[in-house]
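Next, two complexes with subunit A in common: one pairs it with subunit B, the other with subunit C.
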Partner chain A sequence: MTARTRELVGLVLAGLIAGTALATVTLARDAELSPSALTYGGLFLALYLAAHVVVRRTAPYADGALLPLAAVLTAFGLTMNYRLDPSGGRQALWVLIGVAGLCAVLVVLRHDYRVLESYRYLFGVAAVVLLLLPSAPVIGRSVEGVRLWVDLGVVQFQPGELAKICLVVFLAGYLREKREVIAQGRIKDFGPLLAIWGAAMLVIVQTNDLGSALLNFGIFLAMLYVATGRALFVAAGLALFVGGATFLYTAIDRVNQRVTIWLAPWTDEPVYCSQTGELLLRQDCDSYQLVKSLYSIGNGGFGGTGLGEGIFRAPDGAELIPALRTDFIYSAIAQELGLVGAAALVLVFMVFVARGMRIALHAQDGFSKLLAAGLTFGFALQTFVIVGGVLRIVPLTGITLPFVSYGGTSIVANFVLLALLLLVSNRANALSRT
Partner chain B sequence: MNRQIVRLTYVALALVGALVVMTTYWQTWAAAGLADRQDNAIKRVAEFAVDRGLILTAQPRARLARNRPREVGGKTLYFRAYPQGKLTAHLVGYSTVGKSRTGLERSLNDYLTASRANLSTLVDSALDELRGKPIKGNHVVTTLDLEAQRVAMQQLGDQCGAVVALDPRTGKVRVLASSPSFDPNLVEDRFDQISNITARCRNPSPLLNRGSAGLFVPGSTFKVITAAAALESRRFTPRSQFTDPGYCLVYGRRVNNFDTSRPFGRIDLETALVHSVNSVFCNIGKSLRAKRILDTARRFGFYERPPLETPADERRPSGLYDDGRLYYPEENPDVDAGRMAFGQERMLVTPLQMAMVAGAIGNGGRLFEPQAVARIVSPRGDVVLRQRPRLIRQAVSRPTADAVARMMRLAVSRGTGTAAQIPGWSVGGKTGTGETGVAGSNTTWFIAFASRDESSPAELAIAVVLENQAGTGGATAAPIARAVMQAILSQRGNP
Partner chain C sequence: MNVLALATEEALLALKIGFLVLLYLFIVYIVRSATRDMSEAPQESIILGAKEAAALRAEHGIVEHTPAVARFVVLESPALDTGRALELTTPAVVGREAGNGVPLDADEFASGRHARIDSRTDGIWVEDLGSTNGTFVNGGRISAERLEPGDVLRIGQTELVFEP
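Here is the complex of A and B:
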């Protein structure tokens, strides 16, 4: 079976999963099977089949597992978003745009994606600009004290998601060029390292967002390690980051508060509530979101409540868990599908990561290896940071779960990431055939 | 670079794999702990899909809490209704979506939702769940005497106070009335109406269960404990002689009797309790010193939460309080034993505790655990849990208890508590008037027990407390005690 045939079979299976899941949701809600669920399942499959045709034309030797895996993840996301807000069909629109973006990238870069390497500094500048954009006056938007959004009037987006990809492209080009020099470990070559560390700290200060700083700095360290093979750099970088973050922890209230919530979400005695200034139990105030989300996960138990049967609202319709479709989509999935379903979802992420890393291994030039490894590690780290935050492994930060969370920029950015991985694997496999 | 990429792959997979581990932790090991948390609104809402067990009284069979099923979003949810309204609000509590739970609704939630049960009911509920039927909870049968409870609430009227009555031979609680009360049916949607009440006291707090969580100055009712401590010390007998000048000197200051115009002169301990002579108990207190009296109080259950099925934070321990905290003196001189001996000096007690004291005295010193639940029954009628009488301890020796009981009987037959006499029953009681120094704001008490004759054990014990009173305990609380006791005893032709 060729990679494309495997992809086709995988996509049909993903379509079946999406159709069944949507049908279950409508069944639980209306107690009857509405034909619209099947229509949605059919449209979902048609969209991915279109993408499949484009891949067949532009990257015929690309890895056959990635696109079906992404399809399954978007099926999870679409189902939960539809389940939580049946009136909001926007997520489906974003997936449509995302797939279009995937096709566009494939078509534009079909001959040789490595032209990106020659624009590496442009991507570096773009990454910094995108990261700092939300703290710019007029267009920057602050949501719950974190500056992650840009509002251009007609369209709102989270530039951090795109910045991540720009950063990986820049680092892949830059590190391929300088890896030998840096590996020698002379003091003057630590300049860029310190500069990027400084940028990460600046991002925390500017946006109050620990999550995207952790994500981008983690990507940087991982790529630095792949390029130079010097674990010492990683250790030094980690020490710098932890040191800087600890300092900022004491200096910035917002970061301090996130860490306090993480360490002790429940209190027995009333404590200062940063939202109202009163004395309240922390679980009734600052850690309200985290604690309610944990209750949602706990309520799922082993087998879950079943799709459409989870409890997210009080009988009077009031929301019990805030930000459910974005930050806490995982706790909604964990409640309705239980440990079985949540573990299956995480497993899909793991297979995606394993395939991505395999592409990096098989790629033949340094730029391609660094690009694939950086994109894949960023994908894994982002999954870890948001779900780990929900599960109280790390402090909770407001970044999205790739392909699953509601949100346009995130969906589009991850489809672009997928397109790049497909292109890298296409080239590697094509070369190994000849 | 490939070696680094392989290592990076391990790191990436380990990070994502850690998510499975932590999800497993929260959904298995930690799930029960999460479900038990008071602020777990999801669990609370989930439990509204359970056909919650009823809360009942045995005789006459009446429903204190029942279900009102309603269709919400295609599912049947079981909302609570409380047919008795204000009558049993404090013991039963409430179960709502918005305001969490209180009372038995909270402490017995696991039984009422069938999430704690024996194996056979667990299998039943698992099968129901598979069949898509609602899970049925277990029913709770209380020990309350609904008629007597009604009499108690009527007698309390718009006064602030509480009545607690129990059977000292078993600890079964017959009356647990607290006034002002609230209508638990209003909690969900019209909570603001609850505090909108008229009651004759400064701080009505209708949600407070005064019976088990209200702390009051015990006044002269504490003399029962002082007398028991005196006899237990073997330094005094009921015939010990005292001279009453009408006051007692404590740290050089006079502490007066209730009626200073009429000193008793030569008087023995028994007569001093019958007429509630402060100076005598003041001198006993100074002689015994604080810790000896407090140790006897402890034997009666002071300094620990009285065991009852209600949530722990709806019960408070009795004892000395300092700045709102329970306080046990390190050294005897830390406490004014003379004033403590007749129930002043930072001593605060709950009506439940004082009913336990009266019951133990009437029952030969045997102190039983108070119980408001008789049994818990599965939907099929099997008994899931049957409460059996549990002896806490022999609080004081039998001769001591009987001697104090005799004093209390005399107090009712010819002393301060004559208003509590019941024809055909031998009632022993003790009045109390906690003076606050402001006219019309006394805390008045009556604690009592009733037996068939002077030599048989008490079948009923009661404590009545009233806030913001102008009169004495004998005039205000004793008639209420008599009315409630009569209501219970009239059904007891042949037990």
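Here is the complex of A and C:
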């Protein structure tokens, strides 16, 4: 069975999964099976079959597991977004645009994606500009104290998601060129490392966002390790990051607050509330969102409440968990599908990451190896940071769950990432066949 | 509670179980088809350094790939006589620096450590070592490429023909 046939079977399974999930949601809401769920399931399958045809034409030897895995992840996202906000079909539009983006990248780079290496410094500059855009006057926007958004009037987007991909392309090109000198470990070659560490710290200060700094610096360390094989660099980089973050923890209120919420979300006595300035129990104020999310996960138990039957609103109709469809979508899934479903979702992410790392292993040249490894590691780390944050394993930072969270930039950026992985695996598999 | 509500509840339960079963079937399907091609081992480690990889190979009794000999004939070069046959014991570094397998000190367009000729399980490979002017095989700039007999390798102003 060829990779493409496996992909086709996987996509049909993904279509069935999406159809079943949507049918459950509509049945739970209307107490009758409406044909609309079937229509949506059919449209979902048709969209991915179109993508399959494009992959067949442009990257015939590409890995056959990635597209179905992404399809199942978007099925989770579409179902939950539809369930939480039936009026807004926006997420479906984002997935449509995302798949179009995937096809566009595949078509444009079908001959040789390695041309990207020639533009590595352009990508490096683009990554820095994108990261700093939300801090720019006029267009930058601050949501709940975190500067992650750019508002251009017509469109609003989160440039951080795209910066991640630009950073990986830049580092893949840069480290491919310099890996041998850097591996020798002379002091002067640590310049770039220190510069990137400085940039990561600057991003924390500018945006108040520990998450994206952790993500981008983590990608950098992982790629440095892949390029040089020196664990010492990773240890030094981690020490630098922890040192810097500890200093910022004492210096910046917002970072401090995130850590306090993480360590002690519940208090028995009223403490200072940063939002109102009064004395309140912490679970009623700063850690309200996290605590409600933990209750939501707990309410799911082992088997979950069932899709469409979870409790996300107080009796008076108020939303219990702010940012449920973006940052906290995992806790909504955990409530409705329980441990069984939430574990399955993490498994799907893990298999995706395993496939990505295998692509990196099989790639024949340094740029492709670094590109695939960096993209995959970024994907894995982002998933860990947000799922871990929602589960209170690490301090919570607001980033999106790839392919699942509501949001245009995130969906499109992840489809671009998927397209690049498909192209790398296509080239590696095509070469090993001859 | 009427019959319809009861039926809805049962249908919801059935759908929920169906969804989870499908989901796990999907994961099993993907993982199974993935393990099927695990046997094609990658050519080299992505993370281990060359020394550690060699130590690991020795530990598992895998015969170290014996240094192969790559043969080239000089087509044109400011540093070497045209027609001269070169026998390189791999891995060999080509460049302007002294101590290289192929000394190209008179070729001003070659970098100090320009390219490496290496033998892998599937043949002789040339890998660019981040040279200024690039390494070319049959006119195309490459970062790493397997050499076929008759391929023309260009480093700086030196052109070598790879011989079988």
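Note that the second predicted complex is superposed on the first by the 434 of 434 C-alpha atoms of A that agree within 3 Å, B and C clash if a C-alpha of one lies under 4 Å from a C-alpha of the other, contacts with A are read in each partner's own complex, and residues count from 1 in each chain.
As a convention for this text, a contact is a pair of C-beta atoms (placed from the backbone, for glycine too) under 8 Å apart; a residue touches a chain by one contact, two chains touch by 3 or more.
On a predicted model such as this, the values are computed, not experimentally measured, just so you know.
**Q** Taking the superposition on A as described, I'd like to know which of subunit B and subunit C A:Gly388 touches: first, second, both or neither.
**A** first
**Q** Looking at the overlay, what does A:Ala222 touch: subunit B (first), subunit C (second), both, or neither?
**A** first
**Q** By the touch definition at the top of the document, which applies to A:Val291: first (subunit B), second (subunit C), both, or neither?
**A** first
**Q** Under the stated touch criterion, which partner chain does A:Leu102 make contact with: subunit B (first), subunit C (second), both, or neither?
**A** Neither partner.
**Q** Figure out whether A:Ala373 sits in contact with subunit B (first) or subunit C (second), or with both, or with neither.
**A** So A:Ala373 meets both subunit B and subunit C here.
**Q** I'd like to know which partner A:Asp365 touches here: subunit B for first, subunit C for second, both or neither.
**A** So A:Asp365 only meets subunit C here.
**Q** If you stack the two complexes on chain A, which partner ends up touching A:Val259: first (subunit B), second (subunit C), both, or neither?
**A** neither
**Q** Just to be sure I read the superposition right, which of the two partners does A:Val416 touch: subunit B = first, subunit C = second, or both, or neither?
**A** neither
**Q** Let me test your reading of the model: by the given contact rule, A:Arg29 touches which partner, first (subunit B), second (subunit C), both or neither?
**A** first
**Q** Go through subunit A and flag every residue that touches subunit B in one model and subunit C in the other.
**A** 31, 225-226, 229, 347, 354, 360-361, 366, 369, 373
**Q** Any idea which subunit A residues touch subunit B in the complex?
**A** For subunit A paired with subunit B, touching residues are 29-31, 222, 225-227, 229, 266, 281, 283-284, 291-292, 294-302, 311-316, 320-321, 334-335, 338-339, 342-343, 346-347, 349-350, 353-354, 357, 360-361, 366, 369-370, 373, 376-377, 380-381, 383-384, 387-388, 391-393.
**Q** Can you list the residues on subunit C that touch subunit A in the complex?
**A** Subunit C reaches subunit A through residues 4-5, 8, 11-13, 15-16, 18-20, 22-27, 29-31, 33-34, 40, 42-43, 46-49, 52, 113, 129-130, 143-144.
**Q** In their shared complex, at which residues does subunit B touch subunit A?
**A** 1-9, 11-13, 15-20, 22-28, 30-31, 34-35, 37, 39-43, 45-46, 48, 72-74, 77, 79, 97-98
**Q** Going by the contact rule set out above, which residues of subunit A touch subunit C in the complex?
**A** 1, 6, 9-10, 13-14, 16-17, 20-21, 23-24, 27-28, 31-33, 64-65, 68-69, 72, 114, 117, 176-178, 180-181, 183, 225-226, 229-230, 303-304, 306-309, 337, 340-341, 344, 347-348, 351, 354-355, 358, 360-362, 364-367, 369, 373, 432
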